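You will see two complexes here that share chain A, one where it goes with chain B and one where it goes with chain C.
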Partner chain A sequence: MRALRFAARTLRRQPARALLGILGIAAVGALLFDMLLLSRGLVLSMEDALNRAGFDVRVTATASLPGTGPRIGRAPAVLATLTALPEVDDAVALRFGSGRVLMTAPSPPVGFTLFGAEPSRRRFWTVIRGRDLAARGDAPTGEVLINEALAAALGVDAGASIAIRASCVRANEALPPVHVRVAGVARFPFDTVEQRTAALSRRDFAVACGEPDDEGADLILVATAPAYGPDQARDAIARVHPDLHAVSNAQLVRQLAATRFSYFRQISAVLATVTLAFGLLLITVLLTVSVNQRLGTIAALRAIGFSSRRMVADVLAESALMVGVGGALALPVGLLLAAWLDRILKRMPGLPAELHFFVYEPRALWLHAGLMGATALLAALYPVRLVSRLPIAATLRSEITS
Partner chain B sequence: MTLVEACGVTRVFPMPAGPGVAVKDVSLEVGAGDHVAICGPSGCGKSTLLHLLGCVDAPTTGALRFEGRDVAALGDAERSRIRLTRIGFVFQRFFLLPMLTAAENVELPQAEAGVPRAERVARTRDLLSYVGLSARADHRPSQLSGGEMQRVAIARALANRPGLLLADEPTGELDEATGAQIAALLDRVNDDGTALVIVTHDQTLARRAARVLQMKDGRILDGCHRS
Partner chain C sequence: MVRLAALAAVALTAAVHAFEPASRPAGDLPTILISRQLATARGLRAGDDVRLARDRNGRGARTFRIAGIYEPTPDPVRIGAARHEARLHLPDLLALTGEPDDPLADENVDAINIALRPGADAGAYSRTLGARAPGITVHPVADAAGGAGVFVVLERFHLAIAIVTIVASTVFLLALTVMLVDERRETVGVLRLIGLTSRRILLQVFAEGIALAGTGALFGILLALASEGLINRYFQWRYDTALVFVRIAPEVIWRTLLIAVPLGVAGSVLASWTLLRRGPLALVRR
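Up next, the complex of A and B:
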């Protein structure tokens, strides 16, 4: 009878203990799996959101975050230079600001985040209803795209006219309102759950800001041409515009992983270590109890000719079986728990709705299996030592006299 | 032919109050087909001697040879192999595996010895028939009486056709009538050619042996041969 089958029979002999052990391992395994999903969840989620926006490289005037540093001057000329590069498929210049929609008294104005986007073939938003902003070049269109939250707050939809008062600099200002027509309702990739957002064409944005001749941009999004990679596009941009700061999505994600998101990796590493330690203790205790209860039988098996190696294999198989079954159960439990925890964490204010804390990747599955396997092996060390050093004659004697 | 030979064997155990001598300068030969009983008061070293003869334990001093091989020179794997294929053990408390059926318990040492499945199934069937338990093949130990469990243990001990069967108080846990049945079964095993060494307090069982060895304080006092 092979060791694994033998171990299965041994476990079935004590079903309550085996079940409790397996459930304990499943709980520990589920927590471990969640920590692995959390360790890179935000990084993967951010990478996915960036890539889904359809642009690979971000260009700013300095290394500061977009909207917090100086603007890129003469954006149309920069755009023309960039789109002429063979590595670049398309590019769009963005302005960031904010705005308010004036409501009838006594309702207070409704605030929102405002984008100004240079018309381009690609858009970083997705139109849900109505139509996109018209790409009419240099002339103002008098159109606006709004997101669902702003549409709901205003009680308007595509085709409605609204008066907005923009705020375009980081100082108090009192710009006159401009009247725009809602072309459509769109989803913007980095909106938070309750964020209200609107997008104008770059020209309309400049008009709303009272600076119709302003050609600045806070950020230029670049889509790489199919034959090239983002790094090649970034290098090409750096060659033609060494005065600007270009980063690929992958670079940005690496920066975020090393700085802002590193807390989650550290927390998950600590919690995963603690979880594994609990798992190790749990399995060691279960196996040790199991071995101690069977010392007489083990000594008898050794006496009738079972080798020490075979008895060690039995203990390892028992450990592997418990951890294998518990670890397999841990995966669906862990996924359910992760979904629940993700919903709780996403209630944090200011978090983009498309970001997730717990994200599945195959690497997490392999790492989980590896760590659980290593735990099973380590946990079996002490019981294996008991079995391999068991004095056969003395144990048989004590079994008779006890 | 000599199966096991002990020459001046001594076994000392470390004890809190100093070394304890369990077996002292014992010399003994067990040949093929022998029937030996070892008797003596509790703690006189009977079981320790049995464990030494069965290659379960190693002597502190003296020489022990099994089928001509120096047991002290063998590694754990080789000694395990000898126990598995050449020696059968019957214990006072049976030590059947509770999660296996009677047939599976008998099959276990054969599987460990690498006997092909078809061969070990046939051998198990024959052995259970030999000990009168064909109808109980699929029962677990918890469903068997004490006498039945000991008969399964004897079948398990004979599974790999050993030359030597060692029994440590085989009737110690059984009532008189059941003990007599087990004694008769062991006689039959011996009559069929397997050498038998029995450690027992039971004088009725001991008297069935061709040779009875009396032990006291780790020494063999005398041995008498019966015809």
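Up next, the complex of A and C:
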């Protein structure tokens, strides 16, 4: 405690120097904190978004991304097999396509992402206004759900009728328009900020695509029964349908972390290392210069009876105080900086609105504290060596004669 | 070059879902090229025979002979993705992937790449072609490159990080110069007492600042040049790609010098200025 008070007095003697040093450490600490938030931000954010959707296993025909590979054939039969499994609570089959609504000239057509969903008990979208799609078994309902962006672009709301032209293959099509009624406005997971989205029942989607008898699906979402885990459900699906590719949310997140998200993990590791090295170097220089300027004082204190250990403790306390105050300041600064950097990165095209690059987790805080503490300790090593090996008589003599 | 979506294609990358070495070689087999990454992952070599199918059941599989192994064009958008790819002759790909009940299966392709004659206006050509062939989308490749929003965003992100780093460095630099100048308080006082003017000393500090900041910036640039190869080699190994991640271009060097040297000099002069405002006797006071 005494060493800490002494260090505080030493810093107060040189307020400009101490303030600049602490501000510098705060800036470096903020950058380090942000890199820790970035290292797992996308993974945590994606995990959260996947879990919030309410389904924990995804089934596709191949390992390709849904909508880019072959479709699952005879989806209703596959769904019946899957929902009969004790490990499965519910399952919903999806078809992906796109659509356009022709506007009055000279306005261009309004394009949007369109998908068809097999009616199920669970819905992965959230109805904001109006009501949900009606479940009428295997018959078309003539209803559509749209998101806010599409509602704004079309200038319509729940209850309005619109004519949509669907495109259900990976090529431009000229299908006749289908008239549907807007049942409600909903929020869909993984929509980008400006994405326009509409959802039809699977039957209505097939009608809009001009293939009323089509039974294909791009993706089947599976919700695990409460008594089982997602991995058990995935294994059960693989047993009954070895021809399909089933993956749990945790697996998907692991895959994304190892591939698509790894760039940000790598860049955060590189920047965190550089930041730490930079911080270490500069704190060492600050402490060393500070100790060098006080060598006479330190020698005098030693001469009047202060032990070498006590002087070392003073230097360590000075380092800890500077890094502690700077590190504490770094947290709010880092959070503000993270919000700014997140806004920059979220302008990336095609990024779901609910994904974030910088996500807070307690682990980042502990890691930050640990790294800053280690930096304070390492930075104090050289000045501590200077103090512990200081020749008292020679230093005092040199101080008097210089 | 014009990219024409929807009707036909020249060179295609096949998304093959089953890729197995053929059990026996056939006579006059169609040939394919495979990516280096696929060849490494499956232990394949030029001259090997493989069976390709469009799904994991291996239905409708056909045997091909590997004519060669190629390095895929580096694509930053696909960083981290395993580039397991095969290139087939277009008729072979259509025969392998077309729906049997689709009469137009062998007439549909995803895109056509068009090379224009030197000097041709790609934009004008795209507009003309788009007007003459409704139902297709025509983009000049230059437009597609310019609209690479991902990289524009990444550039802004790196710029933001650079700004934070410069702010942190400036604060530290100020702290250091304040300490160093304080250390030289007595020397400056003696110089003032023997007749040197504040202006003369400030000029000396300015010259010292230029020398120090220039040396520091030069050292930083040399360090960056030395680590450029290391960083590239590490990331190329990590992502199994030929992409270049760090390139210290001349404009980067000039930009660094333009920021670092004035900042260093300003730090030195600013810290010294506060000292020079004091009287010589106050400076030499012990």
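What we mean here is this: the second predicted complex is superposed on the first by the 401 of 402 C-alpha atoms of A that agree within 3 Å, B and C clash if a C-alpha of one lies under 4 Å from a C-alpha of the other, contacts with A are read in each partner's own complex, and residues count from 1 in each chain.
Convention: a contact is a pair of C-beta atoms (placed from the backbone, for glycine too) under 8 Å apart; a residue touches a chain by one contact, two chains touch by 3 or more.
What you see is a predicted model; the values in this text were computed from it and never measured.
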item	value
Clash-or-fit label for the pair chain B, chain C on chain A	fit
Partner chain in contact with A:Thr10 - chain B first, chain C second, else both or neither	first
First (chain B), second (chain C), both or neither touched by A:Arg260	second
Chain B versus chain C as contact partner of A:Ile304, first or second or both or neither	first
Cα-centre angle that chain B and chain C span when viewed from chain A, reported as a multiple of 10 degrees	90
Chain A: partner with more touched residues, chain B or chain C	C
Chain B versus chain C as contact partner of A:Arg397, first or second or both or neither	first
First, second, both or neither for A:Ala27, with chain B first and chain C second	second
Touching partner for A:Ala84 - first (chain B), second (chain C), both, neither	neither
Which superposed partner A:Asp243 touches (first chain B, second chain C, both, neither)	second
CA minimum distance (chain B, chain C), superposed complexes, angstrom	11
Interface residues of chain A shared between complexes with chain B and chain C	none
Interfacial residue positions of chain C with respect to chain A in the complex	5-6, 15, 17, 54-57, 79-82, 108, 110, 135-137, 149-150, 153-154, 156-157, 160-161, 164-165, 167-169, 171-172, 174-176, 178-180, 182-183, 231, 235, 238-239
In the complex, chain A residues that touch chain C	14, 16-17, 20-21, 23-24, 27-28, 30-31, 61-64, 68-70, 170-172, 174, 243, 245, 258-263, 266, 270-271, 275, 278, 282, 285-286, 289-290, 292-293, 337, 340-341, 344-345, 347-349
Parts of chain A lying in touch with chain B, wherever the complex brings them together	1, 9-10, 12-13, 296-297, 300-310, 392-394, 396-397, 399-400
Interfacial residue positions of chain B with respect to chain A in the complex	13, 47-48, 51, 54, 56-57, 76-77, 80-85, 87-89, 91-93, 95, 97-100, 104, 107-109, 111-113, 156-157, 160, 168-169
